[in-house]
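Have a look at this one.
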Amino acid sequence: MGANLLSNYGEAVAMILFGIGFSNLLFQRNLIKKIIGMNIMDTAIYLFLAEKGYIAGRIAPIIIDGDQSVERYINPIPSGLVLTGIVVSVSVTALMLSLTIRLYQRYHTVDLDKISTMLQKEGR
Amino acid sequence: MNFICNFPCFSIVLCIFGGIISSALKGRAAKYLNAFILAVVAVMSACVLGYTLQTGESFTYVMGRFPAPWGNEIRAGVLEGGMALFFSLIMILSLFAGREKLNEEVDPEKMNLYFIMINLLLSSLLALVYTNDLFTAYVFVEINTISACGLIMIRQTGRTIEAATRYMIMSLLGSGMLLMGICMLYDMTGHLLMENIHANVQILAESGQYHIPLMVTIGMICVGLAIKSALFPFHTWLPDAYGYSTVSSAAILSSLVSKGYIFLLLKIIYRVVGFDVIYGSRVTDILFVFGLAGMIMGSLSAIKENDIRRMIAFSSVAQIGYIYMGFGLGTQVAVVASVFHILSHAATKSLLFISASGLVDASGGSKKFIDLTGSGYRNKIAGVAFSVGALSMVGLPLFSGFISKLLFAQAAVRNSGKMLPTLIVLAISTILNAIYFMKTVIRIYTPVESEYPVIPVKRHKVFGLAMVCFIALNVFLGLCSDLVIRLIETGLSMFA
Amino acid sequence: MSEKKTHKQKFSEWFYGENDPFVAAMPVQEQKEHQVDEKTLQEYEKERAERHEKVFDIAHNGKIRAFRRSYRVLGVMMCLLMISILLLAVSYLPRTGNPANPDNNEVSRVYIENGLQDTGAVNVVAGMILSYRAFDTFGETNVLFIATCCVMILLMLDEKALHTSGLSNDRFYEPKNDWILQKIAKILVPIIFVFGIYVMLNGHISPGGGFSGGAILGAGMILYVNAFGFKKTQKFFNETVYKVIKVGALCIYGVLITYFFFMGANGLNNHIPLGIPGHILSAGLILPIDVLVGLEVACTMYAFYALFRRGGL
Amino acid sequence: MDFLMYILLGFLVVCAVAVSISKNLLNSILIFMSYSLIMSIIWIRLESPDLAITEAAVGAGVTTVLFFVTLKKLHTMKEQEEEKEAGADQAGGEKHE
């Protein structure tokens, strides 16, 4: 174990959330919960990034009074990346939800395992 | 700066424009626009290839006003240009050959949406090929995933939607891991541009700082991309997705989409983490083991299969295992073999999918082997094409599959540690390949009195022409392999 | 001479499927009719049906239940394993909030120190994503676009089905024209719209920008639809308007960004004035792109909602 | 200062676990909504107001609305299905009589 676990508590929480989201996405049988898990996983990554951009005692990178010294502002890059990422995750969420609706229309369940059993029962 | 240097950027933007404009067009117009764009992209990629061969070095292109570590950048060399050309060619051929099927299986009102997907898929593939920036790669990986999902579910049956859902779930797991890896890499190096990360990773590897996070990061990126390209234990979504989607989609998905991710992994191995670091870390041994397992398990599942499309899909699992095995061997020669196998597999697998659809048409639409008996006589060109593809997959000389197997064997012999398992598995896998492909070829050429009518070649001229082109491409890869291998070697040397 | 065909003729006949030399020439062996014993067949069928019942009877199949339980345990185990590996990695990563971390390097320094002069944007983040890393953002807008197209493939109904199918009408169980909701919406929607437009237009000066502003606008439209129904919304926002806005905004965005790439990469002056930092009309391309992206995002969010609700715009 | 952060982060973990084990789908969606809101507060504390605005509008707003609509759609479909089945049963019964 490294020395920085306690000072990196934000990242540690992000990793725990990532693990929870990952296993929800992988192991939950309910499709809607899978999608929530996916969202949790994504936000966890964004939390990780935002923590990494943060610098103690500095303010958001919006230039005030023309003061452009580096010592005053936090790192702007992670914020930009997360901004891009959030939009990606909302579009993927919408797509997954519409897939869920169609699957429910066809098979009357949101349980992916049940759907597979039905498919096997039907034969190909 | 030469004007040709603009071409990579233009080809990406052109594809995106094509997608945007297609959304306002009718299906037919979108089709013609798409064909035009594909042709233009192929020509542009050929120009890039020619230009880089002539100058003998790669070039970077700044996207915007701001140079290297600040702005986005794309980069083109021999391998990139060649890949882009190859991808666009395969896409043109697959679309032409599957056109009639497409008209049958896709709702005409949603035809333009299909071509939006195709255009954006091509743009994302080009971006993955050309990119020099990891975060750009992530964004375009997402576009690739979503458009591939659209390609699967455009034919709306229960099975395809279920397959699309499974595909999305696995892909999202993969992209989550990839993004996490990229973020951790950014945290350790402070850059997103490949060259700068490479330089910093070399320093970190030498000093031993952040050793464990670096290993975890490499592992996450490798596993994430392996999930997305359907390496063996993560392949569960693949047979349904390839087996039930419309035929052009299956051909494009199997030959291009997974290859795009593999190419990105190749770029990451060479240009981000560095060849020595990644093989020093032993993470690639995981890929090696999974690759070997995939070669055998994929073939075994294919033997058990009773549906020709699903059989070919399972054969894809085995072939992707070959490619990852090449990465896992960890020598320059093996990587060359892998890249050659990417080309060879892309050319062969799309040929197989499309010719299989021709055979299925000649058997009353049934994909069961029992109905396919003698279909090689009923649809001759598809029969010949399927045989060529099968022989190439098995590894008969004259066709491309032979060369890649030969290269893999050569690479294995030079790697003393992994020689024995590689050669044994290669031999077993070849035999298994032969079992299921020869079984199919024999079956389609078994003479039988059948109730299904003969489909004359005249009626499907475009299909026949595309098949001939595919066969020619396959034989070209088999006969002129020296040229192709030299190109790949030049391209890889430009990577470093 | 006429009876004997040349090879060429033979080939062309074979090729065009008029005559198949193999079918006639190859002897087809008579196969014995496969005798099916009725009894065996019935027994087999019965056995198969029973087996099917047993295997797919999930509620009573002990094996499947055991498998499910072990699956759950496996899931938790894998989750814990993954978390512990990641925590191990985190414990070696650089400390949070430390200015000497590797990611606070020359890249972020230049973004802050020269950002105002390079891009004209007071908000460094907006300047970064729309000017330095413009290609990423363009790709991201296309992710939204392609996701809408995918949702359309799945949920879009054609005109006829839109009016007849029961799916399009799920307002059946709701009170129509709810008075309270309508009054509140009448007050709130303009405020939300003004706020959304404010956020969108001030992306380069204050926090916000195209994406957040567009999402706020979209949320306002969703509220409006909920209060007044689709019929009223369609008076000013139907499929044609949607298409015009979507295609128009994306095309203009594409043209602008391509111009920017081309001029920048070839070292030409792009003749875009950066203006006085801090003013609304400043920061070169950032303001128009913010507006275009905002329109696109607002349309997309509303389109998602409308497609989910009734399968059409 | 740090104390608030601990509480918020702890709340995130609690929310994530609660989502995974909650039996009711509506509950999990509501919990996820509060998760998004907490996330946007955390981002304000991490000095990233751009992210906070976007997450509040997109994550807590639009995404949750989409979840709700989906859930509602599924319920509507279920009810329609049951109605249809009930209707079919009735019709069948009448015929038999």
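Going in written order, the chains are labelled A, B, C and D, and every chain counts its residues from 1.
Keep in mind that, in the parts below, a residue touches a chain if its C-beta (ideal position, glycine included) is under 8 Å from a C-beta of that chain, and two chains touch if they have at least 3 such contacts.
Nothing here was measured: the structure is a model prediction, and the numbers come from that model.
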Nearest chain to the global Cα centroid?
C
Pair joined by the larger number of C-beta contacts - C-D, A-C
A-C
Centroid spacing, where centroids are CA-atom means, of subunit C and subunit D in whole angstrom:
19
Using the average of all C-alpha atoms in each chain as its centre, how far is it in Å between subunit B and subunit D?
37
Indicate the whole-number Å distance between the mean C-alpha point of subunit A and the mean C-alpha point of subunit C.
15
Between the Cα centroids of subunit A and subunit B the separation in whole angstrom comes to 28
Which residues does subunit C have that touch at least 2 chains other than itself?
86, 88-90, 92-94, 101, 103-104, 107-108, 111, 123, 125, 133, 136, 140, 143, 146-147, 150, 154, 167, 207, 209, 211, 304, 308
Residue numbers in subunit D touching two or more further chains are 48-50, 54, 58, 62, 66, 70, 73, 77
Listed in rising order, subunit A residues that touch 2 or more other chains are 2, 10, 16, 18, 20-23, 26, 51-54, 58, 60, 62, 77-79, 83-84, 86-88, 91-92, 94-95, 97, 99-102, 105
What are the touching chain pairs in this one?
A-B, A-C, A-D, B-C, C-D
Which of the residues in subunit D come into contact with subunit C in the complex?
48-50, 52-54, 57-58, 61-62, 65-66, 69-70, 72-73, 76-77, 79-80
Could you list, by residue number, the parts of subunit B that touch subunit A in their complex?
135, 139, 142, 146, 149, 153, 156, 158-159, 161-162, 164-166, 168-169, 172-173, 176, 179-180, 183, 186-187, 192, 212, 307, 310
Going by the contact rule set out above, which residues of subunit B touch subunit C in the complex?
1, 5-6, 9, 13, 16-17, 19-21, 23-24, 61-66, 69-72, 74, 109-110, 113, 116-117, 120, 123, 127, 133, 135-136, 139-140, 142-143, 146-147, 149-150, 153-154, 156, 161, 184, 186-191, 200, 210-213, 216-217, 377, 380, 447-449, 454-458
Across the complex, what residues on subunit D touch subunit A?
5-6, 9, 12-13, 16-17, 19-20, 25, 28-29, 32, 35-36, 39, 42-43, 46-51, 54-55, 58-59, 62-63, 66-67, 70-71, 73-74, 77-78, 81
Along subunit A, where are the residues that touch subunit C in the complex?
1-5, 7-8, 10-12, 15-16, 18-20, 22-23, 26-27, 51-56, 58, 60-63, 66, 68-71, 73, 75-80, 83-84, 86-88, 91-92, 94-95, 97-99, 101-102, 105, 114, 117, 120-121
